[in-house]
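Remarks on the structure that follows.
As written, the chains take the letters A, B, C, D, E and F, and residue 1 is the first residue of each chain.
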């Protein structure tokens, strides 16, 4: 299953809720304000490291660029994708769930 | 200063942010979905008890009633008000701040 | 239920209060809470300097909404408030243009065709300066949003 | 930047995708992300079964919005998508009525006056059944909201 | 409505995921409207309540004092529409100071036509909720 | 605009509180629009950035790839509008993995007309931010 999260982890609990339900083999795509979650040294990134074992984590590059987050600031283990890569992920998983 | 919070503490961090900035003598009014914060035994109520020393805490009764939360379920130290009481609080404080 | 706000802390019975509403009707409760708050303030003898609608709050002012018959009609509630209590309801022009809320002048100016204006009775469209002005002219300003 | 999704996990190059959009334009990025996602899907040769606008997402379909000249025009982006790629843009009738988005038939039926319809070109108003139907008829359904 | 005339051959498993509290936002109400319409389509429909969505099912709601419509009674009608599975997450209840007793009683008729009523609410733990989500073809979130 | 012709006698202290990230929602942009209009009113105007609001001030923003307008350059013009105090909360930065160096440099001219520029961003701790809020007559939150 593919999970999408679009809210800032500092403002909403959606990412935590998502990670609590993502299971081995699932993928999580962070889009929009959720991309702030993968900035190194943030309290959110610590949670992600702790909770995503066995889960593939993706982040939408255009949303990183908009927010001025360059790749050097990302925690390890994150795959950056563009909109086409997002489409590929949707196609690759039989179902998806948005954590709004 | 009067602070208002209207979001569920389980969905958003606004209440935590508010309580981190409320100082001795301030008042906090919980309205709309924020009223869920004062239900006894919830994780949010534990945080409230820990963070509201010296702060007057109010909850909007009509919002409790809508959500089926009766008074027996509230943690101690909360004052229930109606819309008129809310107006009185606004009048009684020279400024107010909404934590949206 | 009695409100238990200490009476000694209430300064005045004729305070000028202004209200800022940020959120879309129905989708968020903010418009409802603001409305109930204002009714209570008027009942207590306070004066409502102005209500300013910003962000998605401008959508409260559409005359085209047709909510289900068993639900409240938020726009009508506000229009009645303006008619019965003379409350000044100001919709931010910049926020309204972005979201498609136009009065007759705006609809004409942007070539939207006759009859296209969708601003409801009792509301007027004006600039953000009206927000600052109401802050200056009132004793209290309260924000309702989402 | 190269997307690094393993190619082996991609099942097909002609997948039917439907999209559900829940959030208001400008206020939330959801409408923008959904639009970019759909452009990318079309570029990859997938078919967009339908886009269904629900909750405040129905506000995307107003023809009355006049965003600042230096900003994108979200409604126009979608109308062009419908015109150029034949994407079926369906606005939920119940959600639209509540929020004041009406086509000509609805505007007439509710006595809103000539010219009041504010549904933009390329959108159509229909029932929630269209949401269920698109779920049944497509291979994938993606939700964008707030 | 002409929508119901489509009579699709395909039957998919639809899961409506409810994660928002009622009244503060409209999501609970409009999700329910979607469920009730969707029920006419002869699909396999279940509902999931987790996070703040569990508040939708609490007893004693009465929105009169805030000038709104009380949403909760409509859940009682779900059984008549053939919607008989409401999964509720145990951890979400506990975090909010709620127990099963705080929830409304929602039932549906026995499927085989014999008399008697079956509870529609199925309290599951978080791991089971993940499975429920994975078992569905379409996950609609509101 | 006729609004500016009012020329009020009263001068109040306005604080615009920014607690939302840019781009994901419109609040940052529309708050800035309000600040720029408000600056014409000869009031005492300050801005506060806390919680996700600190993201509004980060360097290197470029919203072209998401089809939106880049908001951040407009902060550079605040000084010209007489808005010279941007309070930024240190704890909010730290929680988000940010330091002062991640923020744009925003300056204004010396008030006494001598040449040179003064930084507009004032990083304060949480306790001081509470004081800043308390010191203002009008707190506008977006």
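The rule we apply is simple: a contact is a pair of C-beta atoms (placed from the backbone, for glycine too) under 8 Å apart; a residue touches a chain by one contact, two chains touch by 3 or more.
All figures in this text were calculated on a predicted structure; none of them were measured in a lab.
Within the contact network of the assembly, the step distance from subunit E to subunit F comes to 2. Subunit C and subunit D touch with mostly matching residues; of the residue numbers seen at this interface, over half occur in both copies. Among the remaining chains, the Cα-based centre furthest from that of subunit D is the centre of B. Taking each chain's centre as the mean of its C-alpha atoms, the one that lies farthest from the centre of subunit A is C. A separation of 38 Å divides the Cα centre of subunit B from that of subunit D.
Computed from the mean C-alpha positions, the centre of subunit A lies at a distance of 29 Å from the centre of subunit F.
Centre-to-centre, using mean CA coordinates, subunit D is 26 Å away from subunit E.
Along subunit F, residues 23-26, 51, 66, 68, 137-139, 141-142 each make contact with two or more other chains. Taken residue by residue, subunit D touches two or more other chains at 22, 26-27, 29, 33, 36, 55, 71, 94, 141, 143, 145-146, whereas all remaining positions touch fewer.
Contacts with at least two other chains are made by residues 6-7, 10-11, 13, 32-33, 61-62, 94-98, 100 of subunit A. With chains as nodes and touching pairs as edges, the resulting graph is of another kind, matching none of line, ring, star or complete. Under the contact rule defined at the top, the touching pairs of chains are A-B, A-D, A-E, A-F, B-C, B-E, B-F, C-D, C-E, C-F, D-E, D-F.
On the side of subunit C, the complex with subunit E involves touching residues 26-29, 32-33, 35-36, 70-72, 77, 146.
If you check the complex, the residues on subunit F that touch subunit A are 20-25, 51-52, 55, 58-66, 68, 70, 72, 95-98. Touching subunit A in their complex are the following residues of subunit D: 1, 3-6, 9-12, 15, 17, 22, 29-30, 33, 36-37, 39-41, 43-44, 46, 140-146.
Residues 6-8, 10-11, 32-33, 36, 39-45, 61-63, 65-70, 73 of subunit B are the ones that touch subunit E when the two sit in their complex. Of all residues in subunit E, those touching subunit C in their complex are 23-26, 66-69.
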